[in-house]
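Per-chain residue numbering starts at 1, and chain names A, B, C, D and E are given in the order in which the chains are listed.
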Amino acid sequence: QGDPGKVAISISCGSVGIEFQVCRTGVEAWAKATGHRVQLVSTPNDSNERLALYQQLLAAKSGDIDVFQIDVVWPGILANHLIDLREHIDPKMLDQHFEAIVRNDIVDDRLVAMPWFTDAGLFYYRKDLLEKYGRPLPTTWQEMTETARIIQEGERAAGNDRMWGFVFQGRAFEGLTVNALEWLDSFNAGTIVDEDGEITVNNPRAADALTLAASWVNDIAPQGVINYSEEEGRGVFQSGNAVFMRNWPYAWPLLNAEDSPVRGKVAVGQLPKGGPDGKHTATLGGWQLAVSKYSQHPEVAADLVRYLTSLEEQKRRAVVGGFNPTIDALYKDEEVLAANPFFGDLYEVFVNAVARPSRVTGVRYNQVSAEFWNAVHATLSGQTDAKTSLADLERTLDRVSRGGRW
Amino acid sequence: MRSRKIVGRVLFYVLVAFIVVYTVFPFYWAIVSSLKAGSGLFQVEFWPSNPAWDNYVGVFQGQPFGRNILNSVIVAVSVVVLSLFIAVTASYSLGRVQFRGRTTLLLVVLSVSMFPQVAVLSGMFELIRWLGLYNNLLGLILSYMIFTLPFTVWVLTTFMRELPKELEEAAIVDGASSWVVITRVFLPLMGPALATTGLLAFIAAWNEFLFALSFTLSNEMRTVPVAIALITGTSQFELPWGNIMAASVIVTVPLLVLVMIFQRKIVSGLTAGAVKG
Amino acid sequence: MADVTLRDVRKSFGGLEIIHGVDLDIKDNEFTVFVGPSGCGKSTLLRLIAGLEDITSGEMTIDGVRVNDLPPKERGISMVFQSYALYPHMTVYDNMAFGLKLANSGKDAIDAKVREAARILQIENLLTRKPRELSGGQRQRVAIGRAIVREPKVFLFDEPLSNLDAALRVQMRIELAKLKEDLNATMVYVTHDQVEAMTLANKIVVLRAGHVEQVGSPLELYHHPRNLFVAGFIGSPKMNFIETAATGIDRDSATVQLPGGGTLTVPARSAGLAPGAPVTLGVRPEHLVAGDPGSGGGDAVMDGKVFVVERLGGETYCHVRTADGQSIVLRTGGEDTVRPGEQIRIGIPAGACHLFDRDGIALDRLERHPMADQEMPRHAHA
Amino acid sequence: MTTVYDAGRATNPAARGGAASSRDSLLTRRRRRAAWLFLAPMILVLALVAGWPLLRTIYFSFTDATLYDLEYHEFIGLLNFYYLAIDPHWWRAVWNTVFFAVVSVSIETVLGMIIALTLNAHMPGRGLLRAAMLIPWAIPTVVSAQMWGWMYHDLYGVINEIFLFLGLIDQPRAWIADPALSMYAVIAVDVWKTTPFMTLLILAALQLLPGEVYEAARVDGINPVKVFFKVTLPLIKPALMVAIIFRTLDALRIFDLMYVLTGNSRATASMSVYARQQLVDFQDVGYGSAASTFLFLIIAAFTVIYITVGKVNFDQGGK
Amino acid sequence: MADVTLRDVRKSFGGLEIIHGVDLDIKDNEFTVFVGPSGCGKSTLLRLIAGLEDITSGEMTIDGVRVNDLPPKERGISMVFQSYALYPHMTVYDNMAFGLKLANSGKDAIDAKVREAARILQIENLLTRKPRELSGGQRQRVAIGRAIVREPKVFLFDEPLSNLDAALRVQMRIELAKLKEDLNATMVYVTHDQVEAMTLANKIVVLRAGHVEQVGSPLELYHHPRNLFVAGFIGSPKMNFIETAATGIDRDSATVQLPGGGTLTVPARSAGLAPGAPVTLGVRPEHLVAGDPGSGGGDAVMDGKVFVVERLGGETYCHVRTADGQSIVLRTGGEDTVRPGEQIRIGIPAGACHLFDRDGIALDRLERHPMADQEMPRHAHA
C-alpha cells in the first residue's frame, strides 16, 4: 500500500509518558511532511534492559528497528552496528551541537549517532531551609556536608526525625557510576579511564572523593541511599525529607507539581566542587539517535534522524517536554527559557558535562562501569575502604582491558 | 484438664492467625498501596483513607498493559494445552508401557526439569532467532516447553501409573488400541490430574520472567511479569510504586481465583505426583 | 467347539519362571475353576489365556486356532475382572456397548445386544447409571454384561465375587451358575473360595507355585485327592492329617498305627510301601464319629481330650488332642453337648480314610467313590 | 522382557533390555511401537528446546563468542573456565547461591512443616486457611519481589514501620541496600514465597500417613510432640527428603527474585544472575556460557547424587 | 472388675446420628462381639469405648468410672486395629515398647513385659524385625502384643482377622480364643464374620443401623433370634423364610399354611396373633429333612422341585422351589445323590421352626433350647 518510494521506518524512542508523546508528535510531523510511514517501537525504559535488547537485535542483524534512541554511553558499544551519519548530515548542522557530545558520538572517525537531547547531574536544594538556617549555597562537597548536617540536626530536633541531609543515586547500577564520576572529576581525579585508554582511577584524589562520599552514608544520607536509584531519592526529597539531592533535570517539573509538598521551596544549581581546588562537574547524560546498519532504508532513516535532531524539533521538545537541547543556540531562546528558567543559568553545566569513558572502552564499557560502580558501592556500604577498592578496581580493569588495550 | 485443652486451642488459633497474617499481609499491603494516589503512597497507612483508582487507570495508560495481559493469557494457555497434549501421550508410554530406554528417558526428563534457565539462554536465543520467532509469542510458547513439559510429563506419568491396570486390560479385551485407551478411557479419568498439572504449568508459564525478558522486544509483545518489572512512570526515572502495586494486584487476582478453585485438587494432585515423584 | 488347550505353557517374569509348563484341556462348554493359594499363578494363567500376558514358551489354542501371538480381542474371549474394571465415566449402557462400538457394529445391532444382555442380567433399569451409582452386586452384573455382549467363545473370570459381602456372594454364585446354563459357553474361573470352586466347577484345576497339582471334578478332588496338598486344600474344615507309620502292608490295604495304640487297616493300593514306612493318614472332620470313651464307631477308635469346642449353631467343630499330642478336628451336629476338657473316643471309618506316602503322594483308594467320576448335574434346565 | 504391562509392578532389572524381542507377541510389539510414536513429540520438543541450547551453551563456553557477533568466535579451550576460577566475584556468587539455598530451604522446611501440621489438623475453615496459605505461591515472583521491595523501602516501607512499632529496631533499616541485610531480606521473600510449596508437599505426605497409626498412638497415650518426632517425622522423611532436594535444586538456580529485588548487586547476586550479567549485559557469551555450564554441572552433580543416594525408583516413585 | 457399661449412648457425626441410644453391659472378663452389616456402626461403637471419638450424649463407665471425658490412655483400654497400625519404622520390640517407654516405665520392667508378651504370642524370634518383614499373621500377633504389654482392663479389637487369608484366619481365631483364656481380660471384638462371632463370643451384640437388635450368647441368638433380622443374620446358610399365614391360633402354638397345601403347628406363644394374620415361618437349612416324594420326615411335609444342587463334598446344599415359587435351601450330607430337576418332599420338624409376626418380631418359642441359656465353655483350661 502507499506510494512507491514511500517506505515504513520504525523507531524506538522511549516507551511511556511524556517522552513517548513528544517523540510521537515529532515523528508524525516528519511522516506527514515526507509521506513515509513510521512505526514507534516501545522498548523497556530501564536503560540496561534497553541496551540488552538492542544488542540482541543488532547481533541478530535484525532490521526490525531502523532508528535507535541510544544512551550517551552506548556509541562505543554499538558502533559496529550503526551507519556513519556523516554521509547524510550536513556538517554545518553538526556544528550547532555541543561539541563534547558530538565528539562522544564519533567512534573510529565515524559519526554513529546524532545528539538528540542531553542530561547532566544537577544539584537540587531546599532554598527555604537554607534561608531558615542562614546558610549559603554550599560550593564544595565539604561545605555541603557541613550544611547538611546542621540542617538535618536542626530539623530533627524540631520534630522531623526522618530528615536527611543529602540523597543521591547509590544503588549498584549505572547511576552510581554517573554520581561517582561526578565526585571523582570534581576532585580532579579523572574519569576512570583516560582518553588514551589508560586506567587512571587508582589515585589519591579519587580515594579522597570516595572516602568523603562514604562518610555521608548514615550520617547525612540514609543508609538506604546505597540502594536508591533516581526515584527513591526523589521520593525522599519531594516528601520534604532531604535538604540536598543530586538528580537529573527531569525532577524539576515533578518537584513543582500540584501535589508536591516541596513545591516552590526548591532551587537548582551546579553540583559542588571537590574542595577549593576542585571543579563543578556534572556527568553527561542524554540520548542520541542512530541508524541501524541492517536498516532496509538507511537514507530515509537518516532523514528522520536529521529531522528529529534539528533545531526546530529540539526547540519544540524543550518547550513541550523540558528536554535539554544539544544545540547551544537554544539555551538563549526566549521561549525555551520561559518554559525552563534554569536552562540559562545551567548552560555551563550542560556544556561542560564530563563524559563517561564509554568511547575509549567501547564494547567493554558496560563491564568497566559495572566494576566501577561495584567498587564504589563496596566503599559506600563500608565493606572496603576507598583505597583498597580502587586498587582492586585497577587490577580488575587491567584484566578486563587485557592490559589497557580495550 | 479442660482448661489445658482450652489453652492449647487458643495457642493453636494464635498460630493459625500468625500464619494467615504472614502469608496474606504482603498481598494486602499491595492492595492498600495500589489504592493510594500521589504522595499518599509515601505515608504508612494500614487502611487507605480515601481509596483511589488512579493507579489502576494509570497502569493501562502508561503501557499496553491490557495487551500484556492478553499476551500472558495466550502464552500460558497455549503452553498448558500444548504441554498437556504432548505429555498425556508421552506419559502413557512412560507410565504404562515397558520398553528399553524407558528409565533413561525418565532420567532425561527429570534432569531437563532441573536445568537452570540461564544455562540454555544463549542457545535458546539462537534457536529462537533461527526459527524466526524472536519477539513473537510463539517463541515464548516454545521456550516455555523446557520447564513445563518435563514437569507435566513427570507428574502425569505418576498419575498414569496409578490408574488401575484392569481398566486398560478391559479396554484391550474390548479391542481398544493404545490411542483409544488414552483418549477414550484414560483421558476422561484424568480430569483432576490434568486440572492440577495444567494449573501448575499455567502458573509457571504465567510467572516466567527470564525468557520473556530475553526473547521479546517490544512492549506489545511482553508478558505481564516483564511488563511489571519494567513498569515506569511518566519519565525515564520515575518508579511508580502505586502503578506497580496496581499491576501486581491485577495479575495476581486471576491466579488467586484459579488457586482457590483448585486448592483441594492441588494437594491431591501432588499426593499422587510430586511427593512420590 | 470353543475348547482351550495349553501345551507346556510357561511364563517368566524377568527371568523368574512363574508358570512351569502347564498342560491343560478345557473342553467346550465346560466350567473350569482354577484354585490354589495366593500367588500360585492362577491369575497369571488366566491372563495368559486372555492374551494380556505373552506366554514365554509353549503352545496355546482356542477353538483349534493357535493364539500364542493373537491380541486379546482376536481370541474370542472376554474377561471379568476382580475389580470389575468398569469404565467409571461411562454409563452402564456405554460400558457394555464400548467394545461393540470399537468393532464398528451397527448402532441397532449394538442396542439389541446390550438390551438382551441387560435383560438376562436384570439390569435393564440401570442402563443410564454410572458405575459409582451402583451397588457391588450391580457392578458385578454390569461387568458380566460387558463380557456377554461380545459373544465370546470363552469367558474368563478372575475372582469375580471376592469383593462382595457374604450374602451377596451366595446370591451371585447361584446366578452365575444359572448364567452358565443359559449361555452355554466355555468358562474359566479363578477363585480362592472353596465353596465357589466346589459348587460352580465342572472341572477344578488345583495349582501350586506354578504347577498343576491335580485336575478333576470337584467330588473327584474331594474324594480322591492326588496328594497331601490337594487333600488339605479341598474341603472345609481341612482334612485331618495324622503322622504315623504303616505297620502292615498288603497289596490292597495298609495297616497303620493310631495315636493311643490302636491300628487301622485302610483299603488302598499300598504295593509301593515299605513296611514301617512313615505315612500320613488323612481323614476329614465330617467323617469322624465322636462317642464316649468306651463306646466306639467306625473301624477303629482313637481316644483324645477335647480342648476347643466351636459351636456354630447348626454344627460343631470339636478340636481334640490325641494321646501323642496331635490335634484333630471333628465335625459334629449343632446339638452336640461335648465340653472342653472331656475325654472322648473318636471312631474312624476305614473307608473314608486316605493314605499318603512320605512324599505326600496319595495311595490310590481301593474303591472309586461313586460320585467322583460321574458328571453330577447341578442345575435344572429351565 | 515379554511383559505387556508393568504398571505399578517392580520388574527385575536383570531382565531389562535382554534379547527377548524375537519372542514378543504382536500385541507387545504393537504397544511398544505405539509407545515410541507417542513419545516422539516430547522427545522432539525436548531435543529442540533443551538439548540443542544446552549443547550450544557448552560449546560456547569454550569460545570467545560475544553477543554482538556470535558468528565470529574462536575456540579458546578452557580459558573461560580459568578466568571463572580466578574471579572472586564468581566465587562470591557461588557462595551467595549456596548460602541462599541452604538457609532458605532450611527455614522453609521447618516453617512448611509447622504450617502443614496446622493445616492437617481438623478444624473449621481449613479450606480457607489452605487457600490463604497458597496466596504467596500464586503470586508471580517478579510481582512478589516488587511488593516486598516496596515493603522493604527504608523510608516508606511498612516493615520498618511495623518493626519500629514493635520495638524490634530503633531506627529504620535499609533492608535491601545494606549488604549485611540484603541477603537475609532476599531469603525472607523466598521463604514467604516458597514455603507454601513446601507446605503442600509436606501436607500431601502427611495425608498419606495411615490414620490408624495415630489412633494407636493416642490409645498408647503418647503426647503429640513425641508422636511428631517419633512417628510422623520418620514416616514422612522420604517425602520430606524429596521435597527438600527439589527445593534445593530450585534454589540453586534462583534468578528473578534477586534480579528484581536487588539488581546485579554483588551482595546477593546468585550464579544465575552472574551468568546472565556476563551473557547479556557484558555481551560475553563465551564467558557467560562457561558460568552457565558450571552452574549446570553443579546442579547435574547434585541431581546425580540425589538419584543415587535417594535411590529414586522410576517404577515406584521416590522412596 | 473391668466391666463396661453404656447408657443411652448416642453419637452424631455433623448432625447425623449414627448410634441411636445404645445400652449395653459388658461384664468383667467377658468376650463381647459386635456384629452387623457394613456401616451399621460397629467400629464407631468400639471407638466410642476407646475414647477415639467423643460420645454425643449418654453415659459410659469402665470399671465403674465415668469415662465420658477421659482420653483413651486413661481409660485402661488397648486397641488392635484392622490394619494393625504398627509403626512402620520401628522394630517389633520397639512397637511393643513404645507406649511403655513414653510412660517412663523402667527399662527392665519394659523389657520384661515385652518379652513376656512375645513369649505368649510366640514372636520372640521376630523382635528385631520391622513390620514390613513380617507376614500378615505375624503382624497381627505384634499388634496384639502391643495391646497386651499395656496390661489394659479392656481389649478392643476391630476386625483383627479380616486381612488374613482363610487358613490363617482359622488358626488365629483359635489362638485368640486361647489368648482370651490366658489373659483373663474383658474383650470387645468387632467382626462381620459369622464363624468368628459364633466361636469367640460369650456375648454377641447384633447391630443394625445404629440400633442394638439383640444381645445374647451365640446359641441364644441362633436358637432364639428376636426378630427376622437377627434370624437371617446369624447362621449359615441363612435361615429359610416362608411367607405364609397363621390359620389356627392357640395360646401356645400357631398353625400355619405350607406352600403346597399342608399345615404345620408350631409351638410358640401366639397369643398376640390374629387369625389369618400374615406370618413368616423360619426354619434353618440344617433342620429340614429331605426325602422322596411320598415319604416324609418331621411334623409336616412340603413338596418341591430341586433346581440347584451345590455339593461341597462333606455336605450338600439343595435349593428347592416350592409349589408357590418360594426358594428353600436344605443342607444334606455329602453323599446325597439328589439331582436337579427331581421332585422332593421336605420334612419340617415343628420344634425347629420359628415364627415371626408381620413386623418381623419373633414369637417366643415354647421351649427354650437347652444350650441357649447356659454358658457353654469352649476351651479346656490349660
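Assume a residue touches a chain if its C-beta (ideal position, glycine included) is under 8 Å from a C-beta of that chain, and two chains touch if they have at least 3 such contacts.
Just so we're clear, the structure is a prediction, and the values are computed from it rather than from any experiment.
**Q** Hop distance check: chain A to chain C, minimum number of steps through touching chains?
**A** Minimal hop count between chain A and chain C: 2.
**Q** Count of steps on the shortest touching-chain route from chain D to chain E?
**A** Graph distance in the chain contact network comes out at 1.
**Q** Among the remaining chains, which ones contact both chain A and chain E?
**A** Per touch definition, common to chain A and chain E: D.
**Q** Looking at every pair of chains, which has the largest contact count?
**A** Highest contact count belongs to chains B-D.
**Q** So, comparing C-alpha centroids, which chain is the farthest one from chain C?
**A** Centre of mass proxy via C-alpha means gives A as farthest from chain C.
**Q** Can you check how far apart chain B and chain E are, centre to centre, with Cα atoms defining each centre and the answer in Å?
**A** Inter-chain centre distance comes to 56 Å.
**Q** Measuring centre to centre with CA averages, how many angstrom lie between chain C and chain E?
**A** The computed centroid separation for chain C versus chain E comes out at 27 Å.
**Q** As a quick test, compute the distance in whole Å between the mean CA positions of chain B and chain D.
**A** Distance between chain centres, rounded to whole Å: 15 Å.
**Q** Provide the list of chain B residues touching at least two other chains, using ranges where the numbers run on.
**A** In chain B, 42, 169, 172, 214 touch at least two other chains.
**Q** Provide the list of chain C residues touching at least two other chains, using ranges where the numbers run on.
**A** Residues 52, 71-72 of chain C touch two or more partner chains.
**Q** By residue number and range, which residues of chain D touch two or more other chains?
**A** Expected reply: 1, 3-5, 11, 16, 27, 30, 67, 70, 155-156, 280.
**Q** Residue numbers of chain A touching chain B in their complex, please.
**A** Those residues of chain A that touch chain B are 14-19, 41-47, 49, 52-53, 56-57, 60, 62, 64, 229-232, 234-235, 238-239, 247-248, 250-251, 254, 259-261.
**Q** If you look only at chain D, which of its residues touch chain A in the complex?
**A** Residues in contact with chain A: 66-70, 89, 153-156, 172-174, 176-179, 182, 262-267, 277, 280-284.
**Q** Would you tell me which residues of chain B are touching chain C in their complex?
**A** Spelled out, the residues of chain B in touch with chain C are 164, 166-167, 169-176, 180, 184-185, 188-189.
**Q** Which part of chain E faces chain C closely enough to touch in the complex?
**A** The touching residues are 37-38, 165-167, 170, 174, 177-178, 192, 194-195, 198-199, 218-219, 222-223, 234-238, 284-287, 305-315, 317, 319, 331, 334-335, 337, 339-341, 370-371, 376-381.
**Q** Spell out the part of chain A that touches chain D in their complex, as residue ranges.
**A** Within the complex, chain A contacts chain D at residues 48, 51-52, 55-56, 58-59, 77-78, 80-81, 162, 170-173, 222-228, 232, 235-236, 241, 363-364, 366-367, 370, 374, 377-378, 381, 383.
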